[in-house]
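As written, the chain order gives the labels A, B, C, D, E and F, with residue 1 at the start of each chain.
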Amino acid sequence: MSTPGPGPVRHDGRTPDQLRAVSISRGFARRSDGSALYRCGGTAVLVTANLTEAVPSWLEGREVGWLTAEYMMLPGSTSPRKERRTDSRSTEIQRLIGRSLRASVDTKALGPRTLHVDAEVIDADGGTRTAAITAAFVAVVDAIREKLGPDALRLVLKDSVAAVSVGIVAGQPLLDLDYVEDSGAEVDLNVVRLGRGGLVEVQGTGEGGTFSRSQLTTLLDLAERGLDLLTACQRDALGPDWPF
Amino acid sequence: MSTPGPGPVRHDGRTPDQLRAVSISRGFARRSDGSALYRCGGTAVLVTANLTEAVPSWLEGREVGWLTAEYMMLPGSTSPRKERRTDSRSTEIQRLIGRSLRASVDTKALGPRTLHVDAEVIDADGGTRTAAITAAFVAVVDAIREKLGPDALRLVLKDSVAAVSVGIVAGQPLLDLDYVEDSGAEVDLNVVRLGRGGLVEVQGTGEGGTFSRSQLTTLLDLAERGLDLLTACQRDALGPDWPF
Amino acid sequence: MSTPGPGPVRHDGRTPDQLRAVSISRGFARRSDGSALYRCGGTAVLVTANLTEAVPSWLEGREVGWLTAEYMMLPGSTSPRKERRTDSRSTEIQRLIGRSLRASVDTKALGPRTLHVDAEVIDADGGTRTAAITAAFVAVVDAIREKLGPDALRLVLKDSVAAVSVGIVAGQPLLDLDYVEDSGAEVDLNVVRLGRGGLVEVQGTGEGGTFSRSQLTTLLDLAERGLDLLTACQRDALGPDWPF
Amino acid sequence: MSTPGPGPVRHDGRTPDQLRAVSISRGFARRSDGSALYRCGGTAVLVTANLTEAVPSWLEGREVGWLTAEYMMLPGSTSPRKERRTDSRSTEIQRLIGRSLRASVDTKALGPRTLHVDAEVIDADGGTRTAAITAAFVAVVDAIREKLGPDALRLVLKDSVAAVSVGIVAGQPLLDLDYVEDSGAEVDLNVVRLGRGGLVEVQGTGEGGTFSRSQLTTLLDLAERGLDLLTACQRDALGPDWPF
Amino acid sequence: MSTPGPGPVRHDGRTPDQLRAVSISRGFARRSDGSALYRCGGTAVLVTANLTEAVPSWLEGREVGWLTAEYMMLPGSTSPRKERRTDSRSTEIQRLIGRSLRASVDTKALGPRTLHVDAEVIDADGGTRTAAITAAFVAVVDAIREKLGPDALRLVLKDSVAAVSVGIVAGQPLLDLDYVEDSGAEVDLNVVRLGRGGLVEVQGTGEGGTFSRSQLTTLLDLAERGLDLLTACQRDALGPDWPF
Amino acid sequence: MSTPGPGPVRHDGRTPDQLRAVSISRGFARRSDGSALYRCGGTAVLVTANLTEAVPSWLEGREVGWLTAEYMMLPGSTSPRKERRTDSRSTEIQRLIGRSLRASVDTKALGPRTLHVDAEVIDADGGTRTAAITAAFVAVVDAIREKLGPDALRLVLKDSVAAVSVGIVAGQPLLDLDYVEDSGAEVDLNVVRLGRGGLVEVQGTGEGGTFSRSQLTTLLDLAERGLDLLTACQRDALGPDWPF
């Protein structure tokens, strides 16, 4: 395994430790309480966040809130077209998104309300689940601000949250895999982290292989570097609305 | 019933026979063969079109093609958030979209292929089904061009197709109802027409009332005025790729 | 396009503006509040109507009633046998039936009750959706009379409602298409109208073609002629129970 | 337990060993290969039978045929209206109907074809599953005659089949329970038998109680008496088309 | 038909009137209120019973309890593997299990509670539905004892209940068919009986044949012999917890 | 965070780095190609493995095999009883089981066959997903041996695979959490590893909290210790059938 760093150039010209270009457009879906159109290279995800004054039945009477997520690859997001259905991969991903965002929310301070996060993949070029998480934080900030007012932000949100994928391709650790890289990766690791550094989720998978503890360490270092940058992108997008 | 014309101004400042501002962005979904992000006032619909080299089983061996459509209101397209499911209204609408677009396609010239049209409503502010049809034509042109080449356009497409809604609100015939107007309409009429003028679908419904033959005539006149304008918008969006 | 009138004889011997023979048997399903077995040439539809003292959840507390419809082609109604399922065509049709019947009902006068209309197609030889609407009105009259008494009829029902299909086959406008004619029609138009003449639904479709404004006018004239006759059939079937 | 016989009169005036009045109308559904509208007192069932030139996948290549049945209580067959769905009771019943009819069919002589039996309950006043079986035999005869010719009847059909329910109500064995009797029965027994006497199914259930061997014997005697009469009704209905 | 008795030896060495070896292990599933792992030759069924303080909605407010059953063949219970789904056969069986167990329960004495019986087939070698019933009684005893105390047993349970299958194979009446025998049986009869002798269910089916009244009598005699033995097995398994 | 080691005793008397008692019974389900009843403290999982001579449609013609897994908590495995359904948690888990086992299988050497792994949770007391993986390896060995012979084992299997959960409870890193510990854990980490040490899956989740890189390292050390022991348990259970 090579050391990450400037190293050899990737098929799209990036260095191993380089993110794809990120852009975040707030308010793209105008009727949602909050929304963000997130582009990261060839990947595009629209995330909406909406707050309702109700909780799932199993939380009724407990004065705490909830955040739930759905993730859908739109049929036109892949070539060839993908059938419209919540398959088992989508189920796994929407559980990950929900857990990740809940790590940033103080459900007691939220009160008996539900935040609905909906991630719609418009273009799937790798990293859609981590893009959805990073974008969702921005949409959630706007939804809380819209419905509960700017003063609620620091009460309801404990920290920002972002996610990134890293992997090993042909022995080389790479940050932010695109679809071509992901398809050939030996190891794939998704890391979700709060803005101040607490790890929320670490999901590493040997795809057609296995990985060692030292490879895991290298990948986590690389992921943390990407997460610093993505947190900065979120801060830029939110500008004066950044809650912390 | 008043005569349409300059007349009284509507709640958003439009005259009775005025369309909302239309914008059409081609290629918004980058992995689809063709796509269009269509905005019409507060309504936004993303339509993708993808061509596959297969036909439904009931057409196998018959050397003709097919066009099929799905229509989905994304959960974040309404306030409050809409549950993600294909309800009976969506089923009715996707059948309308499919029939309307097939009127513009020569399925024999298409050959044993299927055009998949997917309409995703991003913002629902009235007129989403007619927006989907008008946008779908642009996406279909790009999908055919992308997959079969520019020369195929005039063979496969018989004419352009566009759609508009008209209605009577407080006794006043109005073009292109938004959500507020639609909710209070006494009569609602959706008209689908080819660019050269042939009617494809006329669907009029008395919503909590009925309508007369003369009201129907007035509404059809108003719709045709709007359809002329929408066909021009499609032509502008396609520019040199306009096939006729 | 030829003018409708005596004209050339159709494959079953009818003139272009002639309905198939209609018969309406009330009370065929003995446990329903109201029912009608409706035959129109080779088409047979059994419609039942039942009144329940409840409303859908979204109407609760609003003191108005509702009418909802289901439409099912029984497996034995076609040759070859049709699989038993609510396909997208059935969904579209049951929405049409529901809207059409609601146009005749004063839901405020009905009070917080639901009228359930169930249309079961026993023999499908064209025109089943319009047959279902025409029959449903008779069943609804009997259900209201049975459950709320004869005096309620004029309060709850605003007018009678009937439906008919017309179309253009080989350039010839025809009233009340049967299956063979419908399969070859260039244009198909379903018209739903109240007994006193208010239009409720106009649904015209170019099947493999388009239609002009003047063709639409000719077809509407033909439909209205048929609707006058069907309203008379309803009045005959109901005899002294005719509410108006 | 009393002995069956003239005995005390039932709530509808019948003696304990008396069937309700039976009528069988052949050909009620005109597009099916065979059909029978069967009325037995207040119970009405429409059974259609259709023959297709195909077999289920698990029989492919084995040169034998199959018979399958569906059973549906139409929503209007009960008061209050029944929701339209195949519940577990319907599943149990359609399996019984299928097994019962297959006992009369020589699936080898049928060849690689499927007989589809569809039983639609129009009025449910007790005994609908046995009515469906008795009616289905008539519909199946007509379907085979229609599709394979009259000479095929004696080859494909081994015997006629009919069914009846018996039960014990207030200690009294009764033939052909109606809904009121069935609701209060201590024991309920459905018996399916071929015309020449072979038993096909015997299904006895203690409803809120149990039964003894001698009660079972009494009920079987009573059922056999009813089955002789029902077989005669089938023979009358089929007249010269009776195959045996 | 031969007389049952010592007679010829069966393919596994049993005499015609011999049960397979039975073993019952209580408490196999440790978190359920009651459970029994039941083995009968090559058949193994795990039955759990759990009591909840609620009733189905249609029993609310009536102060009586309910018992409901589910039956599932685990995918690994057959070779080849069986797909995991509740097919129509399973639906029929779980209704039988529920009715059978309810015959032993005094639902008024149970009070507004539900007993959930879950039968999981681990090895399917014939007779799984009757094994499930016999095992379920043991699990239900333990669930009631666990949740309501030993004194409740005689109040809530009216009698024990057990079930066995008998059949005719190659003209020979046999007790407790295994899979090989069942596959070749001409007649199959399942009998459910209370410990003191009351019959609960008698379900006889001619499989590819029919049966006579005298065959039915012979089979019932054979079944009752088996049921005496199975009731003794239940009594042994429960030891001092036998409630009667 | 304390250092793992002898340390304070847990609620069940274990030291922080102690596994619960493990037992593995091979061949528990007798009709499956391979099976293992796995108990680990209060958790019990029955895993069956069956080999079929077919592959999913998307692998047809590619001469490689597949392994797929299902995971089901039986209704009686929890108190109160769990409804029988594949919820989103189960979907996530069965994907994990499938990926984990595929890491041990050479799908090319397996040839065009599918290994079906079914994990049925009998008692759920924490760690069911990791128990299922560890047990599944044993069942898979037996299934391959049964169907392809003992010589195939070293060809088809690349290595053994086992899984364990670790977590932090009240600041204390613990090995092999039971249900009580898991419910109160701040961090939960599941680790899947091959027998020779390659990591297959690392899934760490902050449950209501976050974790640091050094906590992750401590937990991985603890997990590896448990995995050494579990691999030895698998080796013991397989005895001379251990393939490596």
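The rule is simple: contacts are C-beta pairs under 8 Å (C-beta built on N, C-alpha and C of every residue); 3 or more make two chains touch, one makes a residue touch a chain.
All values reported here derive from a predicted model rather than from experimental measurement.
Traced through touching neighbours, the fewest hops from chain D to chain E number 1.
Chains making contact with chain B as well as with chain F: A.
Matching CA atoms, the turn from chain A to chain F amounts to 180°, rounded to the nearest 5. At the far end from chain B, in terms of centres built from Cα atoms, lies E.
More inter-chain C-beta contacts link the pair C-D than the other of C-D and B-C.
Annotation: 61 Å between the Cα-based centres of chain C and chain F. Chain centres here are Cα averages; for chain B and chain D they lie 52 Å apart.
Within chain A, no positions touching two or more other chains are listed. The ring sequence of chains is given as D, E, F, A, B, C, with chain D as the starting point and chain E next.
The touching residues of chain F, when paired with chain E in their complex, are 28-33, 35, 42, 44, 46, 48-50, 52, 70, 72, 74-81, 84, 116, 118, 120, 122-125.
Touching chain F in their complex are the following residues of chain A: 88-89, 91-92, 94-95, 99, 103, 193-194, 197-206, 209-213, 216, 220.
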